[in-house]
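The first chain written gets the first letter, and so on, giving A, B, C and D; residue counts start at 1 in each chain.
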Amino acid sequence: MATPQFKQLRRSYGFDEVAIVPGDITINPEQTDIDLKLEDFTLSIPIIAAAMDAVTDVNFAILFSQLGGLAALHLEGVQTRYDNPEEILAEIARAPDSQVTALLQKVYSQPIQENLIGQRIESIKEAGALCAVSVAPANTKRFASIAAEAKADFLIVQSTVTTARHTSKSYRGLIFEELLQSITMPIIVGNCVSYSTCLEIMRTGISGVLVGVGPGAACTTRQVLGVGVPQITATMDCAAARDEYRRESGRYVPIITDGGIRNGGDLCKAIASGADAVMLGSILAQAREAPGHGYHWGMSHPHLTLPRGTRIKVGTTGTVEQILFGPATDTGGTQNLVGALRTAMGVCGVANIQEMHGVEMVIAPAITTEGKSWQLSPS
Amino acid sequence: MATPQFKQLRRSYGFDEVAIVPGDITINPEQTDIDLKLEDFTLSIPIIAAAMDAVTDVNFAILFSQLGGLAALHLEGVQTRYDNPEEILAEIARAPDSQVTALLQKVYSQPIQENLIGQRIESIKEAGALCAVSVAPANTKRFASIAAEAKADFLIVQSTVTTARHTSKSYRGLIFEELLQSITMPIIVGNCVSYSTCLEIMRTGISGVLVGVGPGAACTTRQVLGVGVPQITATMDCAAARDEYRRESGRYVPIITDGGIRNGGDLCKAIASGADAVMLGSILAQAREAPGHGYHWGMSHPHLTLPRGTRIKVGTTGTVEQILFGPATDTGGTQNLVGALRTAMGVCGVANIQEMHGVEMVIAPAITTEGKSWQLSPS
Amino acid sequence: MATPQFKQLRRSYGFDEVAIVPGDITINPEQTDIDLKLEDFTLSIPIIAAAMDAVTDVNFAILFSQLGGLAALHLEGVQTRYDNPEEILAEIARAPDSQVTALLQKVYSQPIQENLIGQRIESIKEAGALCAVSVAPANTKRFASIAAEAKADFLIVQSTVTTARHTSKSYRGLIFEELLQSITMPIIVGNCVSYSTCLEIMRTGISGVLVGVGPGAACTTRQVLGVGVPQITATMDCAAARDEYRRESGRYVPIITDGGIRNGGDLCKAIASGADAVMLGSILAQAREAPGHGYHWGMSHPHLTLPRGTRIKVGTTGTVEQILFGPATDTGGTQNLVGALRTAMGVCGVANIQEMHGVEMVIAPAITTEGKSWQLSPS
Amino acid sequence: MATPQFKQLRRSYGFDEVAIVPGDITINPEQTDIDLKLEDFTLSIPIIAAAMDAVTDVNFAILFSQLGGLAALHLEGVQTRYDNPEEILAEIARAPDSQVTALLQKVYSQPIQENLIGQRIESIKEAGALCAVSVAPANTKRFASIAAEAKADFLIVQSTVTTARHTSKSYRGLIFEELLQSITMPIIVGNCVSYSTCLEIMRTGISGVLVGVGPGAACTTRQVLGVGVPQITATMDCAAARDEYRRESGRYVPIITDGGIRNGGDLCKAIASGADAVMLGSILAQAREAPGHGYHWGMSHPHLTLPRGTRIKVGTTGTVEQILFGPATDTGGTQNLVGALRTAMGVCGVANIQEMHGVEMVIAPAITTEGKSWQLSPS
């Protein structure tokens, strides 16, 4: 009898399963360099605000750019479907759970108004801020030129899973090489989770890759489709692809871990796993300036026949400045993310993000299984 | 001293422990082919409704066939014991938890009326639907000919654990080779979970194998007997047996993962693990047209001396059409199962079920440990 | 620099982490032989009732023997400290949680009355039942001769951890070889969990070994001492020792898995891991005839300075006959344990306990992670 | 294509994941030697009370020394910032959860009064007790001479992560070799978690190393920074460094596991993993004599911009003597820690701490997954 050929499974890891090992030397956190270089741009913090309607609107994008980061405006969300998106956002926040999916399906079936695309981008640019816009692959050709005309700085082509090759009988897939010839702004593409896909996307010549399928707080892709790779493994694999691409091309294309980051600890682990930056959703939806009114929902949530998200209540915990730079009043790691990153780099004895990629990590039991059995004191 | 000979244990995996890795290319979900071929029959969706009294009655079988699937009518359940099974089903739904085991034991100790077997099958066939019937091995010889006479299309021989060889002093075990000579309809046999058993069953010449011991939502086999293999490993092992059997015989015998599937994600993982189709119980018991009135119970539940099931409240969430094809109002993956399968195949870049067997999977922490610590917004 | 010498850790397994794989053939459960041979005695069921005050008193021992098993009477519990133990047992059952440890410490500090030892044994023997008595190693010399005189059938020498060699300056340790020369009844010794200790104990010539440190429902040894080995691994290791001892001596000394068995599934897994029998505590404390009034507590619980147990409420669920032979009204595996064992052996296709030792097992996720997310119907 | 270079992760273990295997011989617990030798000092119990404000004040330090241990007074806590720290401690205990972080930030921003440092140390020494004081690396040069002058016995240099080399542009890092030349009392340094850091620290000539980053009950370092190594692995790695350092230097430098120990079981596991002693925080904060009034908080909690701790309610369960030596009224292992250690050593058959380092351990599922599904009886 032949030896049975069983399918093989590789072990993957998520944020809760790993920890960073401190280094043999320590350095002063203030001496760490956490810049993110994206083509000709340099961001002073390696954080991108997610292209989600509960996170980024025009005002948030301006503020976030002023603080050193970059916020992505979704060109297919409420901002471009409604003249007055604030009303819609308030309505979503007020809707009871039982009705919110139906409401979102209705809200997002309104047509996109192309004139609003230009308007939103211009409002951001007029304030002197950097402007990134996000579109789905199917609509990229249609919206990219409008965004270019309005002088957006970055184009993010993003869907649950994006690859360098898409097969369809009904329409011709987006070819990044072609897109790059018509658009001069840097293009960031995502999301992907594997070495080979990431490498193939980089080889098209784009400028950044978003990493992460399924882990977001407001995302139910794993229940609905069974698809996804935990973020630590996804980041490690795509980091290996980035390093391979640098070897073969000489170009360094940053990868950005997107989804599932709940606190400074997760952010630091993403960077230690190889990420050059992170994209944050729910953690920024907690900002007083975020348009979600203390709620957050996935952009796959409103899908008409196969919704893959939940609306979650994240609450409002402080200003976006506090979330990024403190001072923290919360002790659970949701504030002063930049201070946390610099401190972690300090105890690891590394001076910049690329050195942070080399720190040792261990597979560690989730924090709840160690020493945390005490009752928190009642408030 | 001799080296101690410790018993060896192999690691096995269940649905919650794995995830599907997206592919290097993506394809349009509408271009995917999900047909299930069972001998001369082709089902347009690879889903079989379980032979459980809370799922399949005559009306459900007709409807499910019209939608492209196949429903299995249990010939030893309430449908063949009672002229008016609806009354009994309503009584089961009304019974309090503390009395339901005793009630089920009484309900299922009523004798089977052979004339009802023919009647139920004929009702299904008269509607132009495909008809599958399920019997236990011990009663197969007695009921198979009645089912054949009534023109059932498929015979399912099913028990908790079925093998090609059964030893008993009190009666002669069922020999599938003999059964195949007297019955011309395709025979599906189950359940099994291992490579060698599956291969041995296929070698008898039957037409399909049900995979799964112990994982069903209404099944307590693992508490009661300690027996069972998690569904991902069971499916992978039986898929290896199917492939080996094809190599040695040239025949392709589909395997059907039966039990424990709670949402589209689980369904997609079963297929990616090697299943050609799935059998669904509790997820279909949620349909408005299901006879269980929002409840579901295992067919081993009523056992007189060793009951191995629980009655669970599954609720009524939508029509069977919605569960299969959407539109989904639930975002947790219990509706639009076919859309979910096609979408997962799309992001994996595979065009048919057999290609889906080849996609990469990872061992991944359960979804609850990643990014899901937010409070759901109160309704 | 020398390579660091890190301490190595071996993986061990408990009941919840494994499952039994069904066999390639099945046999009729009624044809299975589950006898336990202990020297010249043959028990018709491989189950010993624990030497715990909530489980075994005189009446329970008689009944349990009549049903085919063996119950162990603790010679250092309430039965030999009190003329009227029923009153004390009722008081323990009534005590509030906050006072029960102090009460137990008081109850068990009453002196043992040697005349009661003989009386209790004689009451059991007069009923024609088999009688096993349990003593701690330190008291064995003192009580063993009294038990022998009263015609007990088995002597169980039991403590949390018992080895063949004990070192003490204050008293001379128990030497099993010497004990065997003065006592003619079979001696069962425990508890141990490792290959080498089990082998060493067997080589002293005793007749059975109890396996298990720390897993019992009413035991907190792992929190208090950090000591213990999960039962599946402990049983497998001691089974390897038994097999090695048989090879070297020709004698077959049964091992009995003691502690942590909550249902038929655990019992079947213990046997499949290599146990010849099981010792049950909390599951039998649920019997109407058990002296614990629906409560159960460990015999290390009353320790004056380092109590290592909890009192747990187990409830009263049925007669001991129901627990052993059914019919079961509970569907969670706590009743008809013998039926469960025979059924599991049937689906594994094995005819006796020793064949059951050879069945395949897998490491499987705990049952709660697979398919059990439904709400149980409200009662 | 080159083989992808994925980042590698090593598996690490925490207290809940391991268990100690009993030995082949047992010894009388009273014959065990648990002394801790720290240079010329010998403690009769291997337990150090943490330098945390909820644990150690002057009175506690005196009492703990009298009982055979050593308590560390934090020179940067409330004891040296306030003439009357009792008032402040009571205020912290009374503060509601929502205000406690802000209160702690305010309390700890009061300046340290250098005269109080001398006063506190002298109060301890006048009572004839051993006195250990704790300082952060940045303040060591400033406070060490004051402590030396006041005749403290031990200097503990402690921060979340301390290494032998610290890089800073703004101040010159602490060089242990230099410190050792100016200070004659033994220096204990921490915390570290890895082989190489521990070895490097030992090579500076210091007298003891504290092991543990992140595991403490009142510590949120892993959420905030993602940094930490579970204690079993950290202890094993640092023990290997200690053994290597002894081989190369002939000096034996004890390691002290600090953080995450919740009960006697954890303490025993730390010692079995290679620790010479343990430092206890929350478990001692439960003592009637502890200054925390039943609360406990981390010393990183009051950090002004990046607080990394929580205040937890630990309750008051008994005297410190009871916690150390019993008699225990709690059965969960939080009392009679010394008795637990001696008993564990007894069942492992080891006579002293260094022999305990050699006992076998297994990776074992958390205790909650084995046999603990019963409902505790209601109080």
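In the analysis below, a contact is a pair of C-beta atoms (placed from the backbone, for glycine too) under 8 Å apart; a residue touches a chain by one contact, two chains touch by 3 or more.
As the structure is a computational prediction, the values presented were derived from the model and not from experiment.
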item: Chain-contact steps, minimal, separating chain D from chain B; value: 2
item: Partner chains shared by chain A and chain B (touch criterion as defined above); value: none
item: Interface residue identity across copies chain C, chain D - same or different by half; value: different
item: Whole-Å gap separating chain A and chain C, where each centre is the average of the chain's CA atoms; value: 55
item: Chain centre separation in whole Å, for chain C relative to chain B (CA means); value: 39
item: In chain A, residues with contacts to at least two other chains; value: 13
item: Chain A-facing residues of chain B, complex; value: 13, 18-28, 30-31, 195, 236-237, 239-241, 243-244, 247, 263-269, 272-274, 326-333, 336, 339-340, 343-344, 347-349, 360-365, 367, 369-379
item: Contact footprint of chain B on chain A as seen in their complex; value: 1-2, 4-7, 9-17, 96-98, 100-102, 160-170, 192-194, 196-197, 200, 213-217, 219-220, 222-231, 233, 259-262, 282, 295-296, 301, 304-314, 366
